[in-house]
Each structure stands twice: as C-alpha cells, then as structure tokens.
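What follows is subunit A paired twice: with subunit B in the first complex and subunit C in the second.
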Partner chain A sequence: MPVNHLHNTANALEVRGIGKRFGGFWAVQDIDLTVRPGERRAILGPNGAGKTSLFNVLTGDTSATTGQITLFGDSVTREPINKRIQRGLRRTYQHAHLFNGLTVRDTLFLAVAGLRGSWRQVLPLRATDARLAESERLAEIAGVADVLDRETSELSHGQRRQLEIGIALAENPKILLLDEPAAGLSPAERPKLSALLMSLPKDVTVVLIEHDMDIALQTSESVSVLYNGRMLAEGSPDDIMRNEDVHRVYIGGAHGH
Partner chain B sequence: MKQALTLVPLLILPFVLNDFWLTQVATRSLILGIMALSLSFLATYLGVVSFAQATMAGMAGYTIAFFGPNSVGIGVQLPFWVSIPLALTLAVVSGGLIGLIARRSRGIYAIMITLAIGVAFFYFTRQNYALFNGWTGFSGVRAPQIAGLSLRDPLPLYLLSLGVAALALALVSGFVRSPLGLTIQAVRDAPGRVLALGISVTTPIVAAFAFSGLLAGAGGILNVWYQERISSFSVGLGPIIDILIISVIGGLRHPGGAFVGAVVFVLLDTFAVDLIDRERFNTLIGVVLLLIVIVAPGGLQQLASDWMARLRRPEAPKKSTV
Partner chain C sequence: MTLFLIVTLNGLTLAALYFLAASGFSLIFGLMRTVNMAHGALLLLGGYVGYSIVDVTGSWGLGVIGGGLAAGLAGAIVQAGILGWMQGDELRQTLASIAISIIMADLMLWYWGGLTYQVELPDALAGGQRLPVLGVGYANIRLALMGFALVVGIGLWFLIQRTRFGAVIRAGVDDQDMLRALGYPINRIFVVVFALGGMLAGMAGVVAASALSIAPGTDLQFLLSSLVVVIVGGMGSIGGAALGALLVGLAEQYGLAYAPTYGVVFTFAIMVLVLAVRPQGLLGKAEQ
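This part shows the complex of A and B:
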C-alpha cells in the first residue's frame, strides 16, 4: 500500500524554516532539522539558545511564527497538542509541573488512560484495571516503582525527573522529546538516567536536549548545536567535538569540563 | 469501614433527642451540610470556590415547588418520582452550565463570575412570576408521602437527610477515585499539564461543577421539604454566604468538614438568640469565622484530626490526609 510505504520511508521529524518570535525577539529562527525514525539526536546549546522554545513549537505548546513541521510524513504545523500526541509525539518538560496532590500511580494512570470518552470514567477505579498494571510497568521502567503510592509533591528532584520520563513513555510513543532530563540530578543519579535512555526501545526516535556532554554524546548518534536561536552545527558526536565554532561558543565556554 | 461506624450514633440520635433538637438542629445541619459539601467538593478537588451553589440548590428546590403541591396555585402537579429526578437533572445541568461559563477562571475571578451568576439568578427569581412567582415564591410546599410514610414528619425527614448525607459523602469518595475524578484533581494542580497529556480541561471542570450541582440539588430538595417554602431569599446573598461560612468553618479542604461546619453554624444560629439579640448574629458568626481563619485555617475538621493524631502519636504529629 502506497500510504504505508510512505510512512516507512518518511522521516520521523522534518522541520523546515521554523522560527518563533516573542515580541520583536526571535527565540529561534530559520531552523531546519531532519531526524530519521529510530535516530537518537542530541540538541546542544548554551543557556537561552532557544532549545526549549524549539521543543515548544514542535509539540504545539506554542505555535510557530514561521516554518513547517512534518511528523512521519504528515504536516502537523497547525495541529493542536492532542492531535500530535495521537501521532505518537511525547515530551518531558525542563521544569516539571506535576500533579502535586496525585500519587505517582495516579499520575501515570492519567498519562496511560487519557480521557477516552465513556460513561465508565465516573466510576471508581478498580485495582484490577489493566491501565493500572500498565502504570506500574511504566513506573518500573522509569525507576519510580518504589514510590508508587507517594504524592508527587513528596518526591525528590531526581524522582520527579524520572516520573516525567515515565509519563512520556505512556501509550507507546514513537518520538520522544526530552528537555534536559539530567538537569539537577546528583552524580550518582546520572548513570541511572543514561542507562534508562539507552534502554528505550530501539524503534523509538529520541531527541534529547542535554547540557551534560557525557550523557548527550554517550546516548546519541548525531548532534545539533543551537546558538542564538540558529542552527550552528550538525554532525556526529566526533564532528561536533572537533568543530571550531562549537568549541568557541559552547564547549570552550561555560561548559568546558 | 471507619466512616460507617459514625453512622451508628447518628442512627441512635432520634431516640435521645426531642423533636425540636431532631428537626431544628440535627436535620437542618444535615441539609445545610449537604449543600456546603457541594462547595467543599469543588474547593477540595477542583480548587475553585464557587458562590453559585445556592443557585444550583435553588434550581432543584424551585423545581420541586413548581411540580409539587404548593399553596400559591402555580405549577403543574407531577408525581414525586418524576419531579425528584427532574429537579436533580436541572441542578446538574445548571451546575454544568455554570462550570462551562466559569471554566477559564480561577481564584478571585471564579469567585466573581459565580457570585455574578448567583446574584443574577436571585434577581431573576424576583422578576419572573410565571415560573418563580416573583419575590414571594412558593409556600405550602409539601414533602411527599412514600409508602404511607410522610416525609414531613421529623423522624422520616431526619433519616432521609442522614441517608442522603451518607450517600453524598460516599459518592464523593468514589467519584474522586474515578478516572474523571483524578483528572479533576490534576486540573486543580496543573491545568497546562493536563492539556499537554492530550486531555481536555473543559470536560473535567464542567463535570466537577455538574457533580457539585447534583450534591447541591439533593440538599436543595431536602431544604424545600424542610422549609415547606422557597423564594428569592432562598437563593440570595444570605444563603450564598451561609454556605460559604459553613464550608470555611468545617474546612474547605475536607469534604466531611461541611457537616462539622453545619452543626456549629446551626447551633450558633439556634441558640445565639438566647445569648445575644437576633441582630447581633452576623457579628457573632463573623467573630467565629475570624477565629477559625486565624486559629485553624484548615477548619474545625482539620483541627480535630490534628488533635487526634497528636493524641495517638504524641511525639510526631503527622499531616492528616482525608
């Protein structure tokens, strides 16, 4: 079937000329980005480079000022968040806004269940509900199975980040956008996060914003570097490590270690 | 079931109280408690303080008055098994509509919008004669006779109110454990994040208001049977404030607190006349409210459970969760 054939060969994500303007200020401008299905892509860039702004446009959290976004061959530039979610797009947030009064289990349940319209949504959840079992499986993967019945307000910073990933993994995502999942983690927690990222199913496309070079280069096969809202360089981790421009603005700067 | 145990003394109550205490204090507390529960539910689980609960209760009350026996000769007589579901349905629909109107508002804005709706309804009932009989409203409303039992009598009305109160609390605790109930709480905590999960926030907000309409409507039906009349004054600023005061006294963050608040309110309302003159009641209730807000911002229910926790574990008082 031609449609399926198109899907198989289409890129997971294709971005052409994306720009986002706040008032008179372009947070991102003229971005082109192509990510193959199953690819692991890191996005690097100093603070304020426009990485989060780019994610917000890709997910539909904010609308693009200019440009086109294509997910698996279909244009989604004008689609609202929930439509893009149905296409298998998920993200985590740099600054987690979780449901403080809900437990980890209930939070993951909502991520799994959404709100599929049926009158049964008003009946108390039964412990045997398959969606609860799925929430527990996600908690296991994300490493928060030991705090399933805690309210999210009681979680440590690291646990909140892990829960974020658990939420993003609900309902078999096809493409994951992770916004600095390692930010604020202790040195002991970082390897655990790397391991979690490496253990994601191979067919899931991952785009990862990360300040931690070790995690970024270890988990990704290609790297895009943003600077002042524009694409500065793209290539393999080795290319990027050798790139003079990147060294000047990024590696040689605030994050040289 | 710990909650079920508290029903036992409440079932014995009719045998130790005389009719005055049973009707004027116990039944009235239960009815006001059910109406206040509709507000506490919204405040606790959606994080919205609504001033429109008296409107939802009034919709149900007026429906019962219009479609039942009354002494003003307005309306159509329907059997109670039609008028009661109709009254509850109208309360739920009005709750849902109010939720739809207020869905984008939080905090002070939600208060202002719901207050505006409540006051608008008050003036509407005063001006409309065909349905609401203007400011005089309906009198001579009679509670139905079911299986030879008149719900006007103190004991049946008390037991019915107790049953409805228990059912309302059970409904709340079941509903908040449902997928929709969990979504309502998620909207309270982070509405933007609910959207980011691909879930509409309008549905849970409207559902929460509609559910609060069901609770308020149940209270409104009992109230019109209890008072045997309903008028614009039943949906005016007085009852609006009373419901808020009861919820705050009991603790806005605890659904069960509504009934504690109602008992305190009714006792003050009934016996303050003996201590101070009638006009000073508002001053007294104001002082009580001020004390609660200063000494126990979580309400009496929270204060009591804190004390209980302290008694049980003297060294480590734990934050109570209801």
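This part shows the complex of A and C:
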C-alpha cells in the first residue's frame, strides 16, 4: 500500500475549528484537538460543556457545522459514520447502547459479522465458525466470558459497560472514543473498568470522556478540558491539576455546588 | 353449542387473516418506526394480482406466490424510492404513506374496477368437511387459511429468532443507531424488511380474496385491523401480532354473534384497555 506511507506519521485524530450549532445554540465552537497514534487522551468538563456533542461530530453521528476532521491523515469531515468505522474508529455511548433480547454471544457476533461485512449469511446463529470464536475472544478481553449466554438486559451495569468496550474492540479498532465508560458504576466496579482500559492494546488510540477524575488521570497521559463548548485547557494530568481555570470551572464547581 | 363453535372458528379464521396482514405491518413498524399507512394498499394489490394470476393460469398456489411477490416488490419500491428518503422523520413518512395508499387505491380502481372479486378455489380447498370431535362442518379454505397463518407464523418466528438475519432485525428493532455504528447497511436492511412485510401483506390479500372477497375498501379495513392488532399485541413482536390478532378476531366475531349492536365496540374496548394498562402492547417492549 504505497499510498498510505504517510499515514504512519500522521496524527490519529486532528480537529480544526470544529463547531456544532443546534438552532441558535453552539454546543461546541472553535475546537482544535490533536491526538497522536497510541495516545490516551481524556476529555473533561462539567455537564453541558459539549463533550458528547463533540464526540457525535467526531464519529459522524451528527455533522459538523464548521471545521475539519482528519483521521490518520484523511479528511473525514463529510463521511458518514459507517465509513469512519471502516477506517478503524469505534465509539461507545454515555448511556449503554446494547441490544435487548440478544445474548452477549450474539451481540458480539453481530459486531464481528457487521464489521467484517459478512452479515448477509442467513444461517442459524448456533453455527460455529471463526466469527463465533472471535466473539468469544472479545468476551474474554472485556471480562464478560462468564455471561456469554445471558441476555444483555440481564447483565449488571458494570458488565454492560464492559460488553460495550468489547463490542468497540471488534475487528482491530485504531481509535476508540469512549463516552463516560465509568458512568453509573459502583465503587467496586470502577477498578475493574480502569484495569480494562489500561489493558487495551498500546497501538490503539483512546479518547475518553470521563467525569471521574481518578479514572481519567489514571488512564490517560494527556487531558483536554471543555467548558461552555470551548477548549479551556490542554496538557498533562499534572498541568491540568494545577491549572487555576480548570480548578475554578470544573474541580471547584464540582465541589462547590 | 354449534353456534359457539362456528363463531369461534370464524373468529380464528379472521384472526389468521389479521395475523397475516399485521405481521408485516408490525415488522416494519417495529424495526423502522414507520407507520406504513400503505400497508392495506399493498394487501389489496397482492389480492388483485393474485386474482388475475389465478384467473389466467388457474393455479391458486401461483396466485398466492405472485400476489406476495408483487406486493413485496411494491413495498421495496415504496421504501427505496420514497419513504427511505425521509428516514428518521416518522410523521412525514406516515403522511407520505397515506398519499401512497390513496394513489395506489385509485390506480387499482382504475385497473381492476370497483367490482368485488373472489379468487376461484382449487378443488382441494373448495367445499367443506365435518370436523372430528367438534362435530361441525367448516369450509376447507378457512381451515387452510388457519394452517397457512400457523406456517407463516412459525416461519417468521424461526427467521427472526433463529437466524443471523433475524438477529440483525431484532437488534435493529432495539437500537438502530448502534446497528448502523456496527457497519450494517441499515438502509438496505430496511428495503429487505419492507419487501418482506409487503410480501406477507400481498399473500394475506390473496388468501383474503379466497376465503372472503376483496373490493375497494378492503385495504382500509385491513389497515385498521393491523393498527389495532399491533397496538394490542405490541410492535415488532411476531408473538404480539399473533396474540393481538387472536383477541381482535375473536372479539369481533363473538361481538357480531352475541351482541351485534355493540359488536364494533369490543375491539376498541380491548384497545383502550391495553393502552391504559400496558401502553407498549401485551408482548411489546417498553421504550427506554
């Protein structure tokens, strides 16, 4: 693939001047963001800061009003979500999106089959093939191998979140956008999720929205802070911890109210 | 006692027809949130095409298949050509499908006229027989209709619960966005499901034209019954469509036999009761 030589050095994600307007309201505005391949980046910000709106634009769930998005050197600003997924982008949602009525095994199977483009084969689900083996491998990684035959609606909240990450890991993702993977988890479930996040392959780029400061700072090497739809600060976890603006709007705000 | 048995059998016949009509409607509604108001028109189209095929070839089986295929094709065209362009805008789709149903009804009136048609039955299905145990005589075609609905129901259940394509449909009923995010070409899946729903409606049309008769207005009758069945049974659920059809079909026939003045009320009383107690339908899943 001679054409793609440049991509090895290209940034995983480059965002320039991204804005998203709903009617007269700018959910995010003038966002610049650069994420290196393999980087672990956390996006922090109080509720309503525009974190999820930014994610929706990055994934193609909604279209950007202004700005440019580049994935591994290719402009994807106008591409629909399924094209971006072919490029190795995966996301999870703030509120777990799982198929009720399907088992964990079937869910992971659908993910593998869909992403491989082999969904057309109308055969009994019970058949064993490579995709099924792959589904089981993903369940192992995500820590849901012991509940393979349970329906997703019967899982605990923590297991649901782990399964979501398992889905996102199907078919060699290159960049994961995780929207508050620890939201709603009990203190007992959190370390398990942290461990899962830290065990992700090192070549996978991870951008993570997180409310939980501890998880964010523990799992990420760099942090971007959004406030009122704009980028307030960027830097290492230590820089962010010392940043007075961040303390005022986010950490101060979170403890002050 | 004989009256009760006959009325019950009539109710089951009607339920079988309602199920055939509503299962496709429910499938489309459940997966795409599209209230396809042209569903009745698809059914009538299937019925007419089936009639014409039987008229020419003399083969009832060919008529059922041909009517199903014609309505399935029409359904695919409706979705791919019109409704697909408004995906996600359910109100606009509903209004557009009303327009489609009116246009289709007028085109069919132009081509087939305002006559009442009844498909000629093959010898095996004509006539009737005395049922063992129950001891009442009943028309063969009506018994066949119940068997047909049973076969279609089991076939659909197998397709949806036991195959990979069915898993894709079930996943789509639950969460369209997530399915799209997994790389599924959801627009093409929609066209396939619309074709499947249309085919079920078309076959129901031919069967309705055989067991009863079809004429302008049959489309609206079955559209209304499908709506009620899906509301009672729960959208997107084949079991729900079966249960809803059973309740509505039986209520209609018992009402007609035992309280003719208020017959119509029973159907809607069931609907009101279900909406009050279990708005998602008896076997439907609650929206999250």
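FYI, the second predicted complex is superposed on the first by the 241 of 257 C-alpha atoms of A that agree within 3 Å, B and C clash if a C-alpha of one lies under 4 Å from a C-alpha of the other, contacts with A are read in each partner's own complex, and residues count from 1 in each chain.
In this text, a residue touches a chain if its C-beta (ideal position, glycine included) is under 8 Å from a C-beta of that chain, and two chains touch if they have at least 3 such contacts.
A quick note: this is a predicted structure, and the numbers were derived from the prediction, not measured.
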{"item": "Superposition on subunit A - do subunit B and subunit C clash or fit", "value": "clash"}
{"item": "Partner chain(s) touched by A:Ala10 [first = subunit B, second = subunit C, both, neither]", "value": "neither"}
{"item": "Partner chain in contact with A:Gly114 - subunit B first, subunit C second, else both or neither", "value": "both"}
{"item": "Which superposed partner A:His97 touches (first subunit B, second subunit C, both, neither)", "value": "both"}
{"item": "Contacts of A:Ile141 with subunit B and subunit C, given as first, second, both or neither", "value": "neither"}
{"item": "Subunit B and subunit C contact sites that coincide on subunit A, given as residue numbers", "value": "59, 61, 81-82, 85-86, 91, 93, 97-102, 106-107, 109-111, 113-115, 121-125, 167"}
{"item": "Parts of subunit B lying in touch with subunit A, wherever the complex brings them together", "value": "174-175, 177-183, 185-186, 188-190, 192-200, 203-204, 207"}
{"item": "Subunit A-facing residues of subunit C, complex", "value": "162-165, 167-168, 170-171, 174-175, 177-185, 285"}
{"item": "Complex interface listing, subunit A residues touching subunit C", "value": "59, 61, 81-82, 85-86, 91, 93, 97-102, 106-107, 109-111, 113-115, 117, 119-125, 167, 170"}
{"item": "Subunit A - residues contacting subunit B, complex", "value": "59, 61, 81-82, 85-86, 91, 93, 97-102, 106-107, 109-111, 113-115, 121-125, 167"}
